[in-house]
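Listed after this line are the structures, all set down as C-alpha cells.
Both complexes shown next keep chain A, but they swap its partner, so chain B is in the first and chain C is in the second.
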Partner chain A sequence: MSRGYLPFALRRAGQAVLVILLAYVATFVVISVLPGDPVTATLRNPQNGFTEEQIARIVSYYGLDRPVLVQLWEALSRFVTGDLGVSLRSNRPVADMIGEVVPSTLVLAGASLGLALLLAFGIAFGVRYLPRPFGPALRSVPSLFLSVPGFLVGLLLIQIFSFGLGLFRAIDADSPWATFFAALTLGVWVSAQVAEVLIANLDREAEQDYAGVARARGLGQARLLLRHLLKPSALPVVTVLAVMIGEVLGGAVITEAVFGRTGLGSLVESSVASQDLPVLQAVVSLAAVVFVLVNLLADLVYPLLDPRVTVVRPEARVAVA
Partner chain B sequence: MTTSRTARRVPRARRLVQAAIGILTTVLVATACAGGGAQSAGSGTPQDGGDLTFLIDSLGDTWIPNNSAISSFQGHIWGHVTDKLVYVDENGKTSPWIATSWDQNADATEFTLHLRSGVTFSDGTPLDAAAVVANLDMWSKGDASRGIQPIGLFPKTYKAAEVVDPATVKVTFTSPTLGFIPTLGYHGSILISPKSLALPADQQADLKNDIGSGPYVVESWKDSDSVVLKKRPDYDWAPPVLSHQGPARIDTITYKQVSEQQVRTSSVQSGQADVAYNPSPKELESFKTQGFGVAAPRYLGFVNGFAINTKVAPFDDVKVRQALQHGIDRQEILNTVYTPDWLAATSFIQSNVPGATDHSADFAFDAAKAESLLDEAGWAKGPDGTRAKNGTPLALTLYPNPYLATSKAVDELVAQQLRKIGFKVDLQAFDVVTYGQRIKVGSPTVPAYEITRSFIDAGTVGGVLTDANKGENWFGVGQSDQKLTQLATDVAGASDPNARNTQLDELQGYVLDQGYFVPLTQIVQRLYLQSPRVHDVTYNGLAYANYYTAWIGDQR
Partner chain C sequence: MAPQDRLTSTLERPESTVAPLLQVEGLRVAYGGHEVVRGVDLELGAGRSLALIGESGSGKSTIAKALLRLLPTGGKASGRVELAGRALLELPERHFRRLRGRTIGFVPQDPGNALNPVRTIGAQALEAAELVDELAKPDRRAAVLETFAQVGLADPERVFLSYPHQLSGGMLQRVLIGLAVLPRPALLVADEPTSALDVTIQKRILDLLSELREGLGISLLLITHDLAIAAERADSLLVLKDGVAQETGPTAEVFAAPSSDYARRLHADVPALNPDRYAQLRDLGRAGAPKIEVVAVTKSFGSLTAVDDVSFSVPAGTTHALVGESGSGKTTAIRLLSGLEQPDSGRIAVAGEELRGRSHASLRSVRRHLQLVYQNPFTSLDPLWKVERLVREPLDRYRIGSPRERDELVRETLTAVGLGEHLVSRRPSALSGGQRQRVAIARALVLRPDVLVLDEPTSALDVTVQADIVETLLRLQAEQGLTYVFVSHDLSLVRQLAHTVSVMRRGRVVEQGTVAQIFDSPQEEYTRTLLDSLPVGAS
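Moving on to the complex of A and B:
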C-alpha cells in the first residue's frame, strides 16, 4: 500500500487546488453574467433618491465599473494570498463573516450526520430483523424520507414540538432542542440515502457464499450481521457520506432558514439574494475545500477498511482482488 | 424603501404548503388561546422593566449608518439607538427634539438650529453644534473615498453648515428649501457620534462602533441574526411631544431575524415573542379576533398609483387618461388584495401628509363615465370588447413595481377592470434589478409608471413632476404645461408654509383633473402583530414602531 502513496497524495493535492481555483472562477463567471450588482440594485431604488452622479461615484469606489476580466484578476490575485476581500452587502471583511457562521453550521452538520447514521443503521437493521410486516414495510421508509421536502419536515417539527407542546422556543435557534430538531430535519433526508445504500449492500452480502457458509455453521442472524455482513456493507457508506457533505451544506440553506439559524446556509442565501460576489466566492471555495478534503479522507480511509483496494495507478495495477 | 430587495419568489407548491401550515397553526393556536379570554387594549399603569422580542424578516445589509438608515428593516434599530434633530409624528407634524427651536430667513435659504444642551452620545461625546455640523455634512455628501453614500433624499440645495456657538448651528442653501426642517425627522437623518463618522467603512459596518445618543445602546449583534439593545439609564432628551420622558421603560429589546413569516406570527401567537413584523395582511382580522394587537400605520408620501406618460399615445389625450382614472374600482382592490386597514386614495399623496386635500371625486370609479370618455375620444368598441381607433387597439402595458409586494396582485385586478371598459392590457413583471434598468419614469416605453415613494415634506411633490430644476418629469410634459410648471415650482420653492398649502391644494386638483396621475390606494408599508402584554407603542411619520414609550404588562 505504501508504494506509490506519495505520488498519489501529491496528485490528489494538486487536483484539490485546481478544483478550488476552478470553483472560485466559476462562481465569478456565474455571478458576472447576471444583470446588475448589489450596490446599484440598492442605489437605483427610486425610494432612495440618488442622482446618477452619486450612483456613479459609489459604483466606482467598489470598482464595479471596471472590465470584468480586471475585476476577476484582482479578486484572484487577492484570493491566492489569502485575502477574501470585503462583502459588498455588509461592508465587513468576508473572513470575519465566515468565521462567525462556521461553528453553527459545523454543529448542525455534525449533529445531522450523526442522527442520519443512527437512523440509517436503525432502518437497515430493522429491515433485516423485524418480523413481517414491519421489516419489509421499513424498506419504503427511505423513499418516503427522500420525497418529503425538508422545509415541510422542519415547519411541522416546529409546529408540533415548539408551538404545540412548548418543548422549546422556536426563535432560540441555538438551544439544544432547537438544534436537535434542525439536525433531525436535515438528518432525515441524509439518512434516507445512506439507508438505501446500506440496505442494498446488506441484501447483496447476505446472498454471498460466505454468508451461506456461516449460516450453515449455525451462526444466528445477529452474529452473522455484526461479524460478517456489516463491515463490507458499511464500506460504500463511507463514499456516500463523503458525497453527502456537499448536500448537507446545500440542505443547510433551507434548514437554517426554517429554524432561524445563522450559518453558512443563511449566509449563502442572503449573499445570493444580494449578489454578494466576494462572500459567495469565499463560501464556494470553502465548500470546495471541505468537499475535496472529505473525499480525500474517504479515499485514504478506504484502503484501510478494505485491503482489496489499492492506490496503485490503473496501468500499473496487478490483479489483487 | 418599500419591501426589501431580497424579496424572494416562493414557488407555488411551497406557498400552498405554507398556506396549509398557516391554517393548521391558526387552528392550533386559536384552540390553545380559547380559554384565555379577551385581553389587550386596556392600558393600566405603566410598569418599568421587562424584555421585548421583535421578530423581523431581515436585518438588512450593511450597518454603515448613512447606507442603512433608510432600510425598512434597520430603521427600527436606528430609531432606538439614535435621536434626530426634529420629531415627525404619524400625522406628519414636525416638533422639537434635539433642536429645541429653529429660525429661518424670509426666503427659506438660511436656517438656524438651536440645540438642546447636556445631550451626549453613549460614548460620552457631547451632541453639540460641531457634532450636528459633522452629521449634516455626512448626510449631504457622504464620503465616496470611503464608500459611504450620501442620504439620497437630503436636499440637494444644501450649501454649508457652520457652528455659531456650541448650541447653535447655521445652515445655508442655494435656493429656498422649506423641506429642510421636516427632512431632519426623516429616517436617514440620524445623529451619530463624530467619532463613529470618522471611522473607515469596514469599522462603521460593525454596529457596535456606531454610537448614537438614543434611549437604547447596542448590547450585542450578529450579522443577519439578531441585535440586542439595552436601555440607557441616563437618557433624558426624548421628543417633548411624547407622553413619556426620561429613560425608557423596557430593559432590553431583541430584534431577531426570522425569515419564515409563519414562524414569526406563530411565535407571537404562542407567547414566545412579543412582536412580529410584516404578518400576512390577509390574517390580520383573525389575529384581531384572537385578542392580538395589530398595527398598520401609514407612512408619509405618494399613494400607490400610476404616473401617466403623456408622450406615449394614446395617453397624450386627456380623455383617455381620465377614462383610466374612472375605470378603476379602488374599493374592489381594497376588498380583494387588502383589508380594512388600507384606505382608498383621496389624492395622489397620502391623506396624512400635511397639506393633502381630498380630491377623490376627480377620479371616482364610474365605468359608464369612463366608457363615454373613450367613445368621445374616438375609441370604438370592437366585437371582442376591445376598443380601437383607425385600426390601432387601445393598448396599455403595466409593469408591477417590485418594491411593493402586493403590486402584481393589484395590477392584475386593474388589468381586469380596464379590460371591461375596452382596454387591451398586458402585464410585464420584472425582478428588482431588471426593473431598475428597464422601467424608468417618463421613459417612452413606459406609459404608466407605478409610484410607491415616501417623503417627509410635501415640497418633494413639486420637485419631481416636471423637468424644471432637474426634476424627474413624471408625466413627460417637461415644462410645456405652464400651469403645472408654475404650480410645481411654487410648491417646490415655497418659503411660507401657509401659502404653500394653498398652492399644494391647487396642484393636487390640477394634476388629477388632467389625468396625469391615476391613484390606486394609500400605502401601508409596515405591519405589526403584537402581543397583548405590550402597551403604549408610538408610531412615527415613517410608520416605525417606537418602544421607547412602551411598557410590558403582566397579563398574557
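Moving on to the complex of A and C:
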C-alpha cells in the first residue's frame, strides 16, 4: 500500500481542486443564464434605498458592466482568495452570513449522521441475529424508511413528541430535544441507505468460504460477526457515507424548514426567495467544496482500511499471465 | 504448558481402541425434499485415514459439512454420527461448537478464499490458538509461530503479519493446515485440500498432511475426486456416487479388485493409472509438415518476462502439449499463438502464415484456422444463448455460406462432438459440464480450423467426463487431421493425449521432446520434480 500512496494522494487532491473550480464555474453559468436581471432589479428597488452612487459602486465591484467571461474570471479569483462577496439583500459579507449559520447545520448534520449509523448498524445486526419473525421482518424497514418523505417524518415527530407528549417546544428550535428530533428526521432517511448496503454486504460475506472456515474453527455467530463479517461489510459504508453527504446537505434544507431552525438550509431558502445571488453562489460552491473534500477523504482513507486496495495506476500494473 | 512442550509431545491415544474414533451409520442429508446423501455408513479408527472419493454431486463435500454441522440453511442431516462415543447430530449447537476446531479440524478446498481478506493471518491464527484451553494468552502468539514453522512456512513472523492476498496458494494452505492442527484435533476433515494448487505444491501439501497425521496421531478424512491421490494417501476408501456408497474397504483391496461397476469405471478413467489407454487412438493419424512454428519468441510485461525465447514446432495432425505450473508462461504463449498479444521478438507462423506485424483484419483470417477452447465451460459460454446460436455465431461472424448451409454445418458439427439433436435449443444452464465443453469444442470446430488450442479443456470437469472429452478430441483428430496445442498442468493427461511436449518454467522451455522421451527419460531436474509429484496410485 505505502508504495505510491503519496503520488496517489496528490493526484486525487489535484483532481478535487479541479472539481471544486468547475463546480464554481458551473454555478456561475447557471446563475448568469437565468432569465431576468435580479441584481439590478434588487438594487433599483426603492425599498432598499441604494443611491445611484452606491449602485454604481456595487455594479462595478461585481464587474456587472463588463463581459461575462471577465466577470467569471474576477469572481473566481475572489473565490480562490476566500472572498465570497457581499449579500445583495443585507449588504453584509456573505462569508459572515454563512459563518453564522454553519455551526447549527454542522450540529444537525453530525447528529443525524451519528443517529443514522446507530440505526443502520442496529437494523443490520437485528436482521442477522434476531430470532424469527423479528429479524426477517426488519429487512423491510430500510425500504419503508426510504419511501416516507423526510418532511412527513419531521411533521409526525413534531406532532407526537412536541404537541402530543410535550417533550419539547416546537418554537424553541435549538433545544436539545428539538435538535435530536430534527437530526432523527434527517438520519432516518440516511440510515435506510446505509442499512441496505450493510445488510446486503453482511449476507454476502456470510456466504464466503472464509466465514464457513472460521466457523469450523469454532467461532460462534457473535464472534464471527464482530471479528470477520463486520469489517469487510462496513468498508463500503465509508464510500456510501461520502456520497450521502450531498443528500444530508440537501435534506438539511427541508428539515430546517420543518423544524424552524436557522442554518445553511434556511439561508438557502431565504436567499432563493429574495434572489440573493451572491449568497446562493457561495452556498452552492461551499456545498461542492464539502462534498468534494468528504469524498477525497473517503478515497484517501479507503486504501488504509482495506489492505487489498492498491493505489497503483492501472497501466503500471504488470499483467502476470 | 509452554508452547514448545505442547508441540513436541504427541497426544497419547490408546494404540488399539475397540470402538473407532468416528462411526457413521445411515447418514442422510436432504435439502428441502431432495436427498443428496442417502444412507452412508463409514468408520474411521484413531490415527487412520479414510478417503471419500466421488465426482461432483456425489455428496462427498456434503458429508464433510454434515460432520461439522455446517450445512447451508435448508440442509438437514439424519442418521447416527458418533465421534469418540458422542452422538454428534443430537448435540445442542452450543455444545457442538466446542468440538469444532478442538476435536474436529477442517482444511478447506480453496485456500485463496478461506481466510478473511481484510484481517492479518496472525489475527485469524490467534483464534485457533484460543481454542487451546491450557494455552495462556501471552503464549498464543508463540504457539502460532511454532505451528507455522512446523507446517513448513519459512518465515513465520512475516506470515503472521501478512494479509492473505500477499501469500501464494501453497503457503495459504499450509497456514490453514497449521490452524487446523494447532488445537490438536482428534479428526481432521480435509475437503479437496489440493485441488486448487499446482502439482509440485500438491505433493508437498499431501506429504505435510501425512506427516502430521503420523506425528500427531490425528485421524484424517480426506475428501477428493482424485482416485490416484486417494490410493496413495489413504488406508481405506469409500467410493460415492449420487449420495450412495458404491464400494468401501482397505485401499489395496479396492484397487486390486474393484467390485462395483462405478469403481471400475473410475479406475479406468483416471489418467495417472492408465497412461497408455488412448495410445492406439492417438497414433491413428499421420504426422505431416509443421503446422505451427514458433521460433525464439519473447514477450515481456514491464519487468516480467512472461515468455522467454520459446521455440517449438508442431507437425500437422499431432498434439503438442505445453506443460507447466501457474506462472510458467503457458497462458501468454497461447495468447501469442492466437494473435491476442504481439511478441516482442521472434516469429510465429500458423499454417505457413506469419502472425507478427499483422493488422487486426488479417489476424482475423488467420484465426479462422486457429480456434481456442477455453478452460472453464461454466463461464466461457453466454448463459442466455441457446446451443444452436452459440455454435452458429462464428459462422455468422465470418459470413460463411448461406443460412441453410450454416444450419447444416452447425448440425454436422454438433453430431461430430457427440451432442444430440434434442440439445440444440437448450441454454448452457440446462447442460452438464461435459455437454458444455462439447458445445465449446463445437463452436471452435464449426469454422473447420486446422488448429485447436485447448487451454486446460478438462480441468473443470470430472474424471469420467474428462475421459469422454479426451476420447472425442482424439477421434476428431484422427478423422479430420486436426493439430492440437494442448495446455495443461496435468501431466498424466498429457501423457495419454500428446505426441510431443514442451515443459515450461518461468517463461522458458526447460525441456522438449516426445511424450516417451519426457516421461520415460527426463533429462532436466525440473521435469523430474514434476513427474515425481504425480500420485502413483496404490503400490
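Here, the second predicted complex is superposed on the first by the 280 of 321 C-alpha atoms of A that agree within 3 Å, B and C clash if a C-alpha of one lies under 4 Å from a C-alpha of the other, contacts with A are read in each partner's own complex, and residues count from 1 in each chain.
Note that contacts are C-beta pairs under 8 Å (C-beta built on N, C-alpha and C of every residue); 3 or more make two chains touch, one makes a residue touch a chain.
These figures come from a predicted structure and were not determined experimentally.
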Exercise. Which partner does A:A214 contact after superposing on A: first (chain B), second (chain C), both, neither?
Worked result: second
For this session: For A:R308, decide between first (touching chain B), second (touching chain C), both and neither.
Result: second
Exercise. Counting only touches as set out at the top, which of chain B and chain C does A:W177 meet: first, second, both, neither?
Worked result: neither
Problem set entry | Dominant toucher of chain A (residue count), chain B or chain C | B
For this session: Have a look at where A:F151 lands relative to chain B and chain C in the superposition and call it first, second, both or neither.
Result: first
Exercise. Which of the two partners, first being chain B and second being chain C, lies in contact with A:F8: first, second, both, or neither?
Worked result: neither
For this session: Based on the superposed arrangement, let me know which partner A:F121 touches: chain B (first), chain C (second), both, or neither?
Result: neither
For this session: For A:R227, decide between first (touching chain B), second (touching chain C), both and neither.
Result: second
Exercise. Which parts of chain A are in contact with chain B and also with chain C?
Worked result: none
Seminar exercise, completed: Per the touch rule, the chain C residues reaching chain A in their complex are 68, 70, 94, 97-98, 100-102, 104-106, 108-110, 113-119, 123-124, 127-128, 131, 163, 165, 176, 179-180, 183, 301-304, 306-307, 327, 329-332, 335
Exercise. Can you list the residues on chain B that touch chain A in the complex?
Worked result: 1-2, 5-6, 8, 14, 17-18, 21, 24-25, 28-29, 53, 55, 58, 61-64, 67, 70, 142, 144-147, 149-150, 152-153, 156, 201-202, 204-206, 222-225, 256-260, 262-263, 266-267, 269-270, 272-273, 403, 432-434, 436-437, 441, 452-454, 470
For this session: Name, in rising order, each residue of chain A that touches chain C in their complex.
Result: 208-210, 212-220, 227-228, 231-232, 235, 305-308, 316, 318-321
Seminar exercise, completed: Note: in the complex, chain A contacts chain B through residues 34-36, 38, 40-51, 54, 57-58, 60-62, 86, 89-93, 97, 100, 149, 151-152, 155-156, 158-159, 162-164, 166, 169-171, 173, 257-258, 260, 262, 266-267, 270, 273-274
